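First chain A sits with chain B, and in the next complex the same chain sits with chain C.
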Partner chain A sequence: MGHVSEHLLAGYVAGGVLPGDQEWAVEGHLEKCGQCRARLAGAAGPSVTDLVGGVWAGLEPHLAAPPQPRPRRTVAWLRGWATPVMVPWLLMVIAVGALAVLLDQIYDGSRPSFVLLLSPVLPVFGVAASWTRGLDPSYELTAATPRAGLELVLRRTTAVLTPVLAVLLAAGWLTGAWIGFGLLPSLAFATGTLALGTFVGIAWAASILIGLWLGALVVPTVSFGGSVLLAPATWPGWLAAVAVFAGFIVFRRDTFTRLAAQH
Partner chain B sequence: MGVLPGVKSPREPDEERLLRRAARGDRAAFEELYRRTAPWLAVRLRRRCADDQIVAEVMQETYLAVWRAAGSFAGGVAGGSAVGWVWTIAVRRLVDAFRRRAHHAQPPAEMRVPLSAPAAEEEALAGTLGDSVGDALRTLAPELRQVLQAMVLDGLSVRETAILLGLPEGTVKTRARRARIAMREALS
Partner chain C sequence: MRAVDAAEVAPATYGWEIQAQGLKVRVGRNRMAVDGIDLALGPGVHGLLGPNGAGKTTLIRTLATVLRPTNGSLALLGESAGGRLDQRGLRRRIGYLPQTFGYYKRFTVREFVEYLAWLKEMPKPEVPGAVQRAIERVGLADRADDKLKTLSGGMIRRAGIAQAIVNDPAILLLDEPTAGLDPAQRLRFRELLQEIGRDACVVVSTHLVEDVAAACSDVILFSAGKLVFQGTPDDLAAAGGASDVGDSPIERGYSALLGHEQGKDSW
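Let's turn to the complex of A and B:
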């Protein structure tokens, strides 16, 4: 084991033919050994020195601009899950959740729970914001990437659902008993948006489901003081809906790649 | 490939540290990095390209990329070699330069002045590779070794190797396969 010999180094610098194994060894060694690189610089003739000097002269004016900042890992990771467009919607969803809790605290027990009433529709807004042409200026760019399709839709939906469900859980915990049940309608509406989205596009699916929510849950609650659909006994129905919608999404997952080009 | 024991004096910052300092906008560190690596890079590139103008262009592009993207190295894999990183950039820029000039491509400066065979005592370095590997490489036909060198030592793809050596891709694939078979036989 040693460093590159003078003779070999001179031959390498001159650009002459070296026996194969030696050329290989010299290149491998020079990449690792700073000393031999320094010796090479000393052994190099004026042509190399001129070249190196000339390149530096050409390089210097460009060095005024500072290097690019180091890429942030967490930011890069987040971009795989969410778009900046989703931020205002998420904030809105969280604010609405917080307001519902506040209202529930004020009208304690005298009317149906606002949290329970609003919980199905909150994630729908988020899901719509994550995959809609009208809301996302970079929609076409995203849709044209190889990552577009069900996986990206699911990633973004997860990115929406996680904070929303956290808010709902916290709200449920603050207002009382029905934590487990409160999540089911919101899950069903979120998966329902995606499932219906495979037919008509996410934006339309979200509008239709919001309409359904108004007709089937809000109107009865306001006029009759409660909707049968939101009674805790209905949980098997909601669970079945989640399962059916999820099955639909998986079954029609190819639609998302084609859908991405249309909606 | 054997790694030599580190004999650097502890006061001298190594290339990785210089690169990390350059990433924070330290001009002096970058200049030092350039002073240390540019002659080596110039020589290594000139062994692959006879045209000094292309070499100068490639070096300028490479160091500009190193300066601008130093942060992505500093933020990259820990324990990576800065010099190896510089070479990876340079060899790809060289391939790009060849690709741009495809219509008047010239073969790299292989086989210019043949060097007199080195004396036996100067072959001490062959130990770096291990005797059997060294023997196998020495007996390999030059055109096969060239392909192997571009693909293994320079880390290029088949397509890049084809551009660098001015060969059709099919030839590169055939030669790589022949080189692999020859190496396997020589090593068994």
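Let's turn to the complex of A and C:
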């Protein structure tokens, strides 16, 4: 097999000198013949080698990096459940939980459990943080998407209740008391906020329920040393409340796909 | 390249992407922000023009199905909108950029658009490619992995446009998208609009008359909740005479149709 003649190679390097068919033939040969490619590399003038060298020097440091940053799968998955707005609330739940446990240790047995007293109100703030127009900057963008509605409500409520449950269980384990009952008022207040929120907006619903919590649970506990509503025997009532509120949420789920009336 | 499935090339079974009849939308207790309008919009770029408080945002929100019509009928892509029915299928084909659009500051541009793609229920394997394409179309590819809080106002706006177009919507609704864009970006943005408007129905609300003249195939002039005029930008320019207020023919047409007079009710 013959090789590219010096004359043809010089013409190819100069560019635009050879007729098209000869240029193709040269390229066709160069693709297969390492020897002629080496000759071509040597034949290139300083202007070409400088250019190629310059481009290569600029390119080489970037070639080792992957083309796109690796997606952070866990973070993306978490964002499907909780919005970044909920992070301060999460820290608050942990802090309040720890404080309640501490207070329970100090006033051991002399009064009703602080953990139990605080448990209903903890998720209310979380629900408010994930659904209030003024707190969640992406409120309008989110409300217009197909995933808005019952699915997102369930995901975010789960994200609210999971840390509350964890705090209650940890508190129960630390104080040695049975805290399982505390989950029911928590659940009732969380679903209650959402259910009432479909009528008056989540922010108002949260305020009303915090008022109820103060009036029906905190004030009686402080003045009479206990509230009948926090007696474990009331669990059927709390369960019924959860069921009713959940029914309301399912029935009025389309309000979560629209802008709240107050704007 | 994205594969095209049969559903995408199937002929449309509706006459208009957006069709409204006697549409009324109440905001608050008793203010009709949209007060009985009839619209039929097909593919193209439709400019929604009107003074502040004319009801543009309310109309766009209603088209985005986040507000429910008080009265009248609204059909989007042939489906009746505004009822209590499940609108997930319809919403997957709508892109929406609200006027004051919020974002989580710690998200990068890519994470933000990916998050919205997830909220729009896009198939998982399609998301990375679609996100990259949307970011490239708005010219943010070099900032794709920067956090949103480090971006300028115009770039944030472009990130917002990227999330609106990430699902290749058949109806694209943009509320004041050119606010915060510099002149060069506005030019590029108009090109992008025309490109999308070739096969999608784009509704752009604006109070900048020159945007409409340059980018829109169709102008809807809107005042106090009512439709004042619908036609091409040339028709709008033709409506104004030399005696009307304004610096360009379109501006003169705008003030003639809205009944503005020299020195009077200038706000």
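Worth a mention:
In this text, the second predicted complex is superposed on the first by the 189 of 263 C-alpha atoms of A that agree within 3 Å, B and C clash if a C-alpha of one lies under 4 Å from a C-alpha of the other, contacts with A are read in each partner's own complex, and residues count from 1 in each chain.
Note that a contact is a pair of C-beta atoms (placed from the backbone, for glycine too) under 8 Å apart; a residue touches a chain by one contact, two chains touch by 3 or more.
Model, not experiment: these values are computed from the prediction.
When both complexes are overlaid on chain A, the residue A:Ala246 reaches neither chain B nor chain C. Of the two partner chains, chain C is the only one touched by A:Thr83; chain B is not.
The partner of chain A that touches more of its residues, comparing chain B with chain C, is B. In the overlay built on the shared chain, the residue A:Gly28 is in contact with chain B alone; chain C does not reach it. Residue contacts after overlaying the shared chain place A:Ile94 against neither chain B nor chain C. Once the two complexes are laid over each other on the shared chain, residue contacts for A:Ala38 go to chain B alone; chain C is not touched.
Looking at the shared chain after the overlay, A:Ala148 reaches chain C, while chain B stays out of its contact range. Touch criterion not met for A:Ala216: it reaches neither chain B nor chain C. In the overlay built on the shared chain, the residue A:Ile208 is in contact with neither chain B nor chain C. Using the contact criterion defined above for the overlaid structures, shared-chain residue A:Pro137 touches chain C, although it does not reach chain B. With the contact threshold set out at the top, residues 68-69, 71 of chain A are in contact with chain B in one structure and with chain C in the other. Residue ranges on chain A touching chain B, taken from their complex, read 1-5, 7-8, 11-35, 37-38, 40-41, 44, 47-49, 51-52, 54-56, 58-59, 62-63, 65-71, 73.
Interface of chain C with chain A (complex): residues 27, 61, 64-68, 84, 87-89, 91-92, 94, 96, 98, 100-104, 106-107, 110-111, 114-116, 118-121, 128, 132, 145, 163.
Contacts from chain A toward chain C in the complex involve residues 68-69, 71-72, 75-76, 79-80, 83-85, 136-149, 152, 254, 257-259, 263.
Those residues of chain B that touch chain A in the shared complex are 1-4, 7-8, 14-15, 22-25, 27, 30, 34, 36-40, 42-44, 46-47, 52, 55-56, 59-60, 63-64, 67-72, 74-75, 81, 83-84, 87, 109-115, 117-119, 122-129, 133-138, 140, 142, 145, 149, 153.
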